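In order of appearance the chains are A, B, C and D, and numbering begins at 1 in each one.
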Amino acid sequence: MLSRRIPQWLQGMLRGAAMAGLAAVLPLSAHAADPKFPTAAVNTTGLAVTDDVVTVGQLHSVTGTMALSETGSVEAERLAITEINKAGGVLGRQIKIVQEDGASDWPTFAEKAKKLLVQDKAAAVFGCWTSASRKAVLPVFEKENGMLYYPTFYEGLEASKNVIYTGQEATQQIIWGLNWANKEKGAKTFFLIGSDYIWPRTSNKIARFHIERYLKDCKVVGEEYYPLGYTEFQSLINKVKLAKPNCIYSIIVGGSNVSWYKQLKAAGITGESLAKKKQILLTISTTEDEVRGIGGENVAGFYACMKYFQSLDNPNNKAFVPAFKAMWGKDSVIGDVSQAAYLGPWLWKATVEKAGSFDIDKIAAASEGVEFKGAPEGYVRIHKNHHLWSKARIGEMKLDGQYNVIAESPDLIEPNPFPKGYQ
Amino acid sequence: MIAELEIKNLTVSFDGFKAVDDLTFSVEHEELRVVIGPNGAGKTTLLDLICGKTRPTGGSIRFKGRELSRMQENSIVRQGVGRKFQTPSVYPKLTVFENLEISFPRGRGVWGSLFFKQSEDVRERIREVARDTYLSDHLHTSAEHLSHGQKQWLEIGMVLIADPKLMLLDEPVAGMSVRERQQTADLLQRICRGRSVVVIEHDMNFVKQIAHKVTVMHQGKMLVEGSMDEIQANEKVREVYLGH
Amino acid sequence: MHTLYNRALGGRSGTVGLALLCVLLFLIFPLALDNFRLNMMSKYLSYAFVAIGLVLCWGNGGILSLGQGLFWGFGGYCMAAFLKLEAARNIAAESGSDQIRALTTVGLPDFMDWNQITSLPYIWYPFKSFSLTILLVFVVPTLLAYIIGTAMFRRRVGGVYFALITQALCWIMEISFVTRQGWTGGINGITDLRTCLGWDIRTKSAQIILYFLTCGLLIGCILIGRFILSSKLGRILVAMRDGEDRVRFSGYSVSKLKTFIFCVAAAMSALGGALFALNVGFMSPKLVTIEPSIYMVIFCAVGGRNSLIGAVYGAILVSYGKTYFSEMFPNLWYFLMGGVFILVTRFFPDGLAGAVDYLGPMLGRKLFSWIGRAQANFPAAVVPIPVEANEGR
Amino acid sequence: MPLILATSFAELKDIFLMQGFAGFSLFAVFLLMALGLAIIFGQMKVINMAHGEFLTVGAYVTVFLSHMVVNHAPKLLPYYFPAAIVCAFVVAFILGYIVEIGLVKYLYNRPLDTLLATWGLSMILQQACRSLFGAREDTATLPEWMMGSWSPSEGLDIPINGMFLLALAIVMVLLVYALMYRSRWGLKVRATMQNRAMAGAVGINTKRVDRVTFALGCGLAGIAGAAFTTIGSVSPSAGSLYIVDTFIVVVFGGAASLLGTVLSAFTIAQSQSILEFFLTGVLAKIFVLVGVIILLMIRPQGLIASKVRR
């Protein structure tokens, strides 16, 4: 991990220099636009679309505590955009990226979002990771009428004309996974654990409703939240030991993850020891990205419910994983969110082509039903509520930090950001 | 005569070490008392106790019949007790005038000081005190630029401008030239009209010049009390202090 | 009239400094910056309120608070609560994400809906009224500062200890605000603020008006600050910073004076927070916690901890630098900002104001001779950045 | 709670024991964090906001070594950790030494300015780690013997990494004690910190003492960083998570006292751990912080501080 890298700052500078070179060359090589799609026709609202270049924004945290999670998304989006450009771009126009740093700070996200929309006139923005950053930029996108492709699985309760949610909303991830734990693993008692913010809390709320109302004879025996970034979980582990749940349902995120799993292992709770007692640990927050920081030896035998795993066996994924590694190093890993981030540019391209225009309103209207057959997760389609139809899968964690996919929902699950009966 | 300042069985201990131990003494109106004693005898601690900087472990301090030992420092000052410290503590960044103005006993509350007006009588009083303390020529000098002796005077002036009824002076002539000492002695003679003064001093000649009565402290206790001549004649004092 | 001129405006040099700041704020910025940048300037200026407060309590009073974000946050949250309630009342009439609107209870902030809170918590009732909100913006933080100040200064907690305790308080506030997300919006904060008394605060014209309002109030705070510093209280503050005991033995209640100036700083911070909520349209616990509080101290240090006007320049420059560096060098800006802080504390402990004091006369002379020579050719004059130091002395 | 009634007495005893140990291992964490700062802040009065980043540096040294070992000498895996601790110390020590020469030495009489300057330093160090190692979290591959738990009886699991931390913390405290209070060098340090001019006058090279003392504090942070790879994450911003807690421990203990630091780490750790068990993590944190602030108001000098004649 250490050996492979050109230092990031150097990369940044090289990239900047390349970009400047591109900008200098482009006007000289300007040729007439694709005759089928004259600029005046495809861009009626003054977006940054010229005859051969379309500018998009990328808004993630490159610095601060969230950088560790968002880096994967940045990389995946860049890969998708590079591939699209190689394949001829969007409506004959090459995509140019303006990258902004949200610096793990929600107000900064709002400020930069506004800059991307007002000053750079970005035709689309790929970005945000945490719910808080999305909530901070949402009013900006609605006010300035921009288009955001948001990659993270999140709590739902939202549907905006100006956002396409390429990750799962809560019910897509939770309900099928809980059913699986109940049916296949016989789980009756659940201990809900989360980091203290809206996504884990809302997710656990939905989980609790589902367990108590829709699963027979099941109950929740504990629910606990810890501040983000917290690193001491021994007391919590003792509580779990006391409650002896069939299923430890964990939504701990970010750096806390590492401490949580390392301390679980140290307290004698491993996949193996749980299996002996007919217990499982199921998480919806730990992807390959996190496992890399935790170490596979600390998580082997635990389960995760996601829509994508790097080890998925399908032709799309078999092309995607090597391409990603070729661009970002052979040691890179791809988590659920990175894959969802990869979908963003492709879905945008498909939508623009369907609408025959870059105009935000037309894209928003055309989004329903847009599909992407090359998705590494298999196949996705945009629902009219701007979320994706996608499958849910259960992966078992392995020593090498990869997942064994052991179950998969038979059909695409309909996104339902405002679930009735879960309020 | 009723004593102005009455100290009874005063004790303070720091982690078991008794810096002042069961001390009883009193100072009368218009008296200039000098406290002497070898290093570590508890002299400075005694002044700290009187002005509230240190809280006693036991005993009482009464000034004009009022108990001081439970009061806040600023309330003690408002009872009419003024204190000059061993190392001159003036405000280095302010001028002599401003130093004295701050010490002027009006506008001491928050709002009072916010809307304090520098009227002619205030200025007059400041000039008067500056004259008394030989600082008339330096009114607009920044205090950090004064000589050591002048800083001592300034601090005495700052105490004086509040017109205290009891002045506590810790080594007022340390670091002064012979001439300055003489001037200070004159100053103290003038000061003690209308008020009581307690002075800590090492310089025996100076003590002889100013003292009405002398108290000798040793290891936190009072050894002897009397006139300078009596003290000098005392065997015990000789043993612990003068003889060295 | 004359004394007011001397005390609030700070005599001739003070007036010049202030006038130049006014020209910059009221004339140059509105003319030179587009709407987007001007709105960002309003944001920077709302930090300047905190910096001014810090000049009073830290630069002059010697009380370093690393918890100014606390007061700034309370001011901001009070204002945001009012705006959010108004947005919630009008939610049905607003355009936007229709599905949300349809599912949201009218009159209840959206995040409460998400947290299954079905009726407005009592703590939110006062924010139904605008006048009560404005009152609370000042009263809540000031009261808090009063309680903290009284408790700490009575016990003679000062210096580093005070700084660290206020930092811990900030942290407590962040954790509690995050965990009570049904009441406070949790880590998301209170977002999507739209109108104030029916006036859409997101439009261009509203943002320009708010900018001028912010500038006006800022100048007001500077004048109040100068009034305080030029009073006897101001001199006692400096005296207290340099020798607390002496002040005490001059008969002042040090704890009361400190509490007072701490409260003034808190009230100014709160005003800044409230203006932030108006200008930017949301409030988040991220703005309230330890890191922004340290930034606020840095604004003040860069501008010059003794200079009220310097603090404004400090806030503008550091915030602008943060924006500029992070736009230009997303991967490098931490190095640049960190370097600036180190250089300032190492070489310019009195900040910009100190640097201008030191370099100003030198540059001034050169400038004069240069102008003298240049005037023959073209009649242009360059205005040096006006930052004065040690005002109110 | 019906839950507790349902469990047997033996089980409760086990939980009780494990919970007690949880407090001890938290104590070890706090103590390791605070030791270096107790020297830098307690003795030298430098408010080192970059202390957490020295921790991060130590952690990255360990991660680096572990990758080297895994890639080039897998046989050494069971033994490399002690070497990693030493390396972490050395690297952090050298870095601290450089920082002292380049920055801190100009700020000794301005404690509040050290706060601002070291804040800038922490930004730089954080970004440097990010540029060198990437923003993602990384992990050190631990030797097998350090993972898992020691299980003296069924149902009782004592974490091995916790025991390791505790042992390390105790050793470090003893070493620091011996160095500061039982060696000639410690005497020089204390003399310098108490009266710089006098120490210089009796022939102590005070500048050198400053440099080494500061570097020593940083080196201790490096050791803590190495140790924390066993329980937590390694990322550029990992150290900043600890900084406030660390200051609270040191201040609460009475800044200049080693015994105070130990006591305060113990008190805070145990109360937090116990409150976490009976309340929730968030509430426990809030209560502990409020408690510490109130106690500091009652005793501004901290838990242990000798009354001095002032």
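The criterion applied here is as follows: a residue touches a chain if its C-beta (ideal position, glycine included) is under 8 Å from a C-beta of that chain, and two chains touch if they have at least 3 such contacts.
No experiment lies behind these values; they were computed from the predicted model shown.
Visitor: Taking CA centroids for every chain, report which one is farthest away from chain C.
Guide: B
Visitor: Contact counts by the stated rule: is the higher one at B-C or A-D?
Guide: Output for the comparison: A-D.
Visitor: Using mean CA coordinates as chain centres, what's the chain A-chain B distance in Å?
Guide: So the centroids are 74 Å from each other.
Visitor: At what distance in angstrom does the C-alpha mean of chain C lie from that of chain B?
Guide: That pair's centroid distance is 45 Å.
Visitor: Using mean CA coordinates as chain centres, what's the gap between chain A and chain D in Å?
Guide: Each chain reduced to its C-alpha mean, chain A and chain D end up 35 Å apart.
Visitor: Nearest whole angstrom, what separates the Cα centre of chain B from the Cα centre of chain D?
Guide: 48
Visitor: If I count partner chains per residue in chain A, which residues reach a count of at least 2?
Guide: Expected reply: 8-9, 62-63, 196, 225, 227.
Visitor: Which chain C residues reach two or more other chains?
Guide: Expected reply: 175, 178-179, 331-332, 334.
Visitor: Identify all positions of chain D at which a residue touches two or more other chains, and write them in rising order.
Guide: Only 127, 130-131, 282, 285 qualify.
Visitor: Hey, which residues of chain D end up touching chain C in the complex?
Guide: Touch list, chain D to chain C: 45, 47, 49, 103, 106-107, 110-113, 115-117, 119-124, 126-128, 130-131, 244, 247-248, 251, 282-283, 285-286, 289-290, 292-293, 296-298, 300.
Visitor: State the interface residues of chain C toward chain D in the complex, per the touch definition above.
Guide: Residue list for chain C touching chain D: 64, 151-152, 155-157, 159-161, 163-165, 167-169, 171-172, 175-176, 178-179, 290, 294, 297-298, 301, 331-332, 334-335, 337-342, 344-346, 349.
Visitor: Taking the touch rule as given, give the residues of chain A at its contact with chain D in the complex, in rising order.
Guide: Touching chain D: residues 1-3, 5, 7-9, 62-65, 67-68, 70-72, 196, 221, 224-227, 229-232, 234-239, 241-243, 255-259, 262-263, 265-268, 270, 289-290, 292-295, 297-298 of chain A.
Visitor: Could you pull out which chain B residues touch chain C in their complex?
Guide: Those in contact with chain C are residues 51, 53, 72-74, 77-78, 82-83, 85, 89-94, 98, 101-103, 105, 107-110, 113-116, 118, 158-159, 162.
Visitor: Using the touch definition from the top, list the residues of chain C that touch chain B in their complex.
Guide: Those in contact with chain B are residues 228, 231-233, 235-236, 238-239, 242-243, 245-254, 256-257, 260.
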